[in-house]
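Each chain carries a letter (A, B, C and D) given by its place in the written order, and its residues are counted from 1.
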Amino acid sequence: MNRLLELKEKFEHTRKHSEKICAPLEIEDYVPQPIVDVSPPKWHLGHTTWFFEAFVLEPHAKGYTLFHEDFSFLFNSYYNNAGERVLRPNRGLMSRPPVREVMDYRKFVTEGMLSFLENSPSEEILDIIEIGINHEQQHQELLVYDIKYILGNQPTFPVYGTDFSTQSEKKGGFQTFEEGIYSIGADGKDFCFDNELGQHKVYLQGFEITENLVTNGEYMEFMKAGGYKDFNHWLSEGWDFIQKEGVKAPLYWYEKAGEWHHYTLQGFEKVNPDLPVQHVSFYEAYAYASWKGMRLPTEFEWEVAAEQLNWGQLWEWTYSAYLPYPGFQKAPGALGEYNGKFMSNQNVLRGASVATPKGHSRKTYRNFFHASSRWLFSSFRLVK
Amino acid sequence: MNRLLELKEKFEHTRKHSEKICAPLEIEDYVPQPIVDVSPPKWHLGHTTWFFEAFVLEPHAKGYTLFHEDFSFLFNSYYNNAGERVLRPNRGLMSRPPVREVMDYRKFVTEGMLSFLENSPSEEILDIIEIGINHEQQHQELLVYDIKYILGNQPTFPVYGTDFSTQSEKKGGFQTFEEGIYSIGADGKDFCFDNELGQHKVYLQGFEITENLVTNGEYMEFMKAGGYKDFNHWLSEGWDFIQKEGVKAPLYWYEKAGEWHHYTLQGFEKVNPDLPVQHVSFYEAYAYASWKGMRLPTEFEWEVAAEQLNWGQLWEWTYSAYLPYPGFQKAPGALGEYNGKFMSNQNVLRGASVATPKGHSRKTYRNFFHASSRWLFSSFRLVK
Amino acid sequence: MNRLLELKEKFEHTRKHSEKICAPLEIEDYVPQPIVDVSPPKWHLGHTTWFFEAFVLEPHAKGYTLFHEDFSFLFNSYYNNAGERVLRPNRGLMSRPPVREVMDYRKFVTEGMLSFLENSPSEEILDIIEIGINHEQQHQELLVYDIKYILGNQPTFPVYGTDFSTQSEKKGGFQTFEEGIYSIGADGKDFCFDNELGQHKVYLQGFEITENLVTNGEYMEFMKAGGYKDFNHWLSEGWDFIQKEGVKAPLYWYEKAGEWHHYTLQGFEKVNPDLPVQHVSFYEAYAYASWKGMRLPTEFEWEVAAEQLNWGQLWEWTYSAYLPYPGFQKAPGALGEYNGKFMSNQNVLRGASVATPKGHSRKTYRNFFHASSRWLFSSFRLVK
Amino acid sequence: MNRLLELKEKFEHTRKHSEKICAPLEIEDYVPQPIVDVSPPKWHLGHTTWFFEAFVLEPHAKGYTLFHEDFSFLFNSYYNNAGERVLRPNRGLMSRPPVREVMDYRKFVTEGMLSFLENSPSEEILDIIEIGINHEQQHQELLVYDIKYILGNQPTFPVYGTDFSTQSEKKGGFQTFEEGIYSIGADGKDFCFDNELGQHKVYLQGFEITENLVTNGEYMEFMKAGGYKDFNHWLSEGWDFIQKEGVKAPLYWYEKAGEWHHYTLQGFEKVNPDLPVQHVSFYEAYAYASWKGMRLPTEFEWEVAAEQLNWGQLWEWTYSAYLPYPGFQKAPGALGEYNGKFMSNQNVLRGASVATPKGHSRKTYRNFFHASSRWLFSSFRLVK
């Protein structure tokens, strides 16, 4: 199948998938922004649409008329180069445009794109469209996180559905890797983000890495052993974080009649000890590893080990800061704001999660979040 | 007409009126809480309903079953005695129950009340119902303020409609009142709130009071004369307030091409200099009066003058703190939380506004807000 | 004795008294500002001196040269009209000028004033000097509060000395007053502040007022009865205040081995149940009164009762807002900033305290603080 | 010279040097804590003393009596294992113990240590003493930063003296390094911190590094070119930081009559364009490099290049996160809190500064600060 057809199919599927994720919602669920990190579903739907309008249709589709003049202001996110934007903490106040109109906007732009694709755009434009698809896929994953957070903060704990649930893993041991020079990063033959490029050699010491993610059951042992009360296990800023926020368990966990329960997209449930632990911050992952006398892998160790490991249920915290690879160059213009400018004070996660759209991740993929983030679908494995 | 019939009619009318106020809204507009003072329309609709359920049906209607167990938690406001409540700053995160279900709740309770009223409840219960009606009327006025604030914070300034607009007043001079003993407060023959009771004598010095509210045109002179830049006109906390918040004009005012415009419920408009100034804080009213070499009336002066004045378009700031009248007694139980506990650090406003439901106010009525509040329908007149 | 001599003597005594209050301090104690309300002792010493320099010597003493150009910036407080000023929260960062130099400044200005007084200044200037003396006396009282706060926040609870301690009162009952017209305010024959002027009639209902301040023992009964845990006793903002700040007892109180102790200027001691309760906020006074089924007096009731009551050990909270008397006029220029601009959101206290300089208070004196303030020497009596 | 004698001499010299740094201060300067990062000089003097008392004398010197029981509480910093501590933001409120008593404490412990050293302590104890000396040296550098910050925030800009000033560098070009495997980290033969240990191989790409630090003159070109106004040069969190804090130039810089001046320890001066730029955050260094089309070195590149470069006037920001070296093990007990727990969200600086005590730094030394820190003696060089 040629690239154009493939992209067109992927584009259509991606556009539909965003709407499918939102299908179980009430109109009202599209509106709130309970914390700064979480965006209203309505905003995700508009923003991913705006991307195609602003970077493809407006500059390249002859005679294209904007769906609505205000939308580039309302649905721009961090792209300073692309004009003014609604401040992130105010997104939850935007009751207008209503969901109905955002859906019209989606339809209008999707159809505009499909017409546009009829005219065999250049490879450069296809590149941008491919980024747009991947961009929407990233927001699909955030949509799932944010929907869970919005519903999980309703006092009534509403049910979303059975999608995005995890499975227990087959028990394994450790994989061993030798000291030496390894190759890291993407070769750029297939699609990848700029932050993966710059394939380069790194020198690694020998290491052993667990074949399984840490389970809820194992994590509860850490909790039972007073792990949240002994500062010796914690990074200094991690300790401050759990004190300030009163963190005593993974996000969404509640003790009820002496047993741990948690909010899941299927509703409020007893914690299953066999499933991988989820919704922990980097700080908690670090503390658990420290308590176990082990450590988290670096992102390089993870990438080297990825071939031999099962991964993909939950993103895995690494003890690597999100920094540029040698020779990293950000793209010119607004698309250059995509990755490079976030390269400080964030930690790399590797792998993928049940909320990651099919085909979106790969072993060179570098996800990144702040060390205190807990609303993502995160977990971790250990190294010794 | 006997009391029961009158109350029943008033009850039905009041219930419908709340829904009528919300009719022009999109579902999404029912959700946000842009500032702590503003509650989501959905919440007002549920809360006023909960009042009748919690204080009338649940304790007094035989065999009444709660519409939903969680609702007393979700829609209780400040009534600590009536159980747990959703914290005020979190109301905007409550996407559930959806508006649809809140409307079902309203219908269920309205019908329950109407059946209940068939059975000739006691005078004591009718007293509570009368409070409930007045309570819903108060929330109707807040609904208008809050809807204006929610819509006025949409970057697109949507139109609500032509209700609740003000008229220009016929120009007048001053009314003069002699020094002496006057009677203040309600005699309790008709319905009034507990904070109006305790009719008592006060000794007033002679005073002259303006027959008109200050107009937009007059207020713009104050602005042009640098009124917002000269601390000599301001109370110390008022000065700090306008510095911190960057206040340079009444709420909803924007300078555009050298002319003042403002958001109104009819949309974005040029300011009409003949209309009474609206959406000013007590601090701004004080500063204007000080600049004019006059002062605001006390609530006692206002009440004495009310007979001879035209009032009712906009609430009028007084330079009186909201304090108890001699012999003030709060009601026992949860209804006692209605007024007394707010008697510190608030200023009294007198009169009524275009958003006040018909028949809800009277010359002894004591409204109260913090000195920095601007989202209410406030204005002021002067005394020398 | 004529006015000039009397003022001169009072001036000299006042200047010395400020320094006497600071005598027990270490140099280091002059520097910190633990909370915004508290100013460093060094700052009080400089500021009271600056007042005489800025309002007397600089404008009126021929050939007077400023001690140091920067000092009017460093030691101005709230007098916006008198030029730029160091922001209040930053006073604790001013290590320079050192105490030594502030003392030189005091000496220089005191001597300058004494020379200036040799030349029989006009009555208008004597008026300003009299205000300056009263101003320094007010700061003497604040000095005591602030020193207690600074020392009371040292983990080592250092001893200051035996000055400023209270005595137990002879037990009394109630005084009764009849309904009627009473005269309130100062006649202006002797020195008073502008906020006391405007002697005027008020109409009071009959009332009974306690002859004693509430004692520590009585207050501990309120605490034991769960007074800090039952919101029914509290004003809404008072309840929020004690929740947010974790207030469970008067300021400086600590439970130790099941018994209440407190920091006093004599050191850390067991609470004496016979002494009047001290360091309570208005909110706590209100809650206690409410629990007792009584209320706090208004400032007018207090003033009427003052003739027949023993008072002066501790300032007494009233349930009156600090508002202007009829006909209140603020003085022109910077001295006009003295009182009027604070007339919002504060409560009046009446009486005096053991920290009030001799002769500084009187029955018409209106002291004022925010309802949540606790570091002043405050107490209260009840009315029924 | 044997180790014992050498350490004894270094100990005595170090103890005196701390006091010498403080010699130009007024007593009052020892007290304030203008920002959380800055500690009062008094606190540094006490804390470095407490280290020797708590980790050497108390556990190891027979019959040693604590100077004062409270001091371990007052002068402990981040050592959770060593007991309770005064919260960092409250250090500026500690007027007691006075400086005089802290000096007595220093004398008492210094003499106690010297006596203790007479008895030939074990190598393990000498190791702790060596850490204690290096610990005090680190605080000596912080003392200089903090003194500059305290004095530089006096409105009067007092002079400290001529120590700690920088020199202009001889102009150079670039040094070139080849791709390949390099050895990083300390071999542990001489004293070093735990964070330098774990000598290991890294694979570096080829790079060219400037022989000079960026100068004030070069930095002013960046400023003139609008560098602080173009978000394209900045990391996202860097851009937010300069917006929020209003950063428009390096710390201590002020524009006066169109020319840049800055506060230095010699007083307020015109900025010398030939000197290396100082008091920039990592974010500013990053933005400058980005504007220049280059980048900051990694800490590994810096260490490899250190042999061939002149360094030591100012610490140099690297684009490396502060993370553990392979095989990093923190020491057991309280000393284990020294370094490892800070390994998140900080950036490595390499080199030394004019405020670094002689012999304290080396090419493997890893200094670390938050990306927004500006009060340290920081600068940077570039890589292409």
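Here is the rule we use: contacts are C-beta pairs under 8 Å (C-beta built on N, C-alpha and C of every residue); 3 or more make two chains touch, one makes a residue touch a chain.
Since we're looking at a predicted model, the values are computed, not measured.
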*From chain A, how many touching-chain steps at minimum until you land on chain C?*
2
*asked:* Suppose chain centres are the mean of their C-alpha atoms. Which chain sits farthest from chain D?
replied: B
_Distance between chain centroids, defined by C-alpha means - chain B, chain D (Å)_ = 58
*Any idea how many Å lie between the Cα centroids of chain C and chain D?*
45
_Whole-Å separation of chain centres (CA-atom averages), chain A against chain D_ = 36
*asked:* Show the residues in chain A shared as contacts by 2 or more other chains, in ascending order.
replied: none
*asked:* Is the chain-to-chain touch network here best called a line, a ring, a star, complete, or other?
replied: ring
*Contact residues on chain A for chain D in the complex?*
78, 80-81, 181, 200-203, 205, 231-232, 234-239, 282-283, 286, 295, 319-321, 323-324, 326-327, 336, 341-345, 347, 371
*asked:* For a test of understanding, state which residues of chain D touch chain C in their complex under the given definition.
replied: 26-32, 34, 42, 70, 73-74, 86, 92-99, 150-151, 153-156, 158
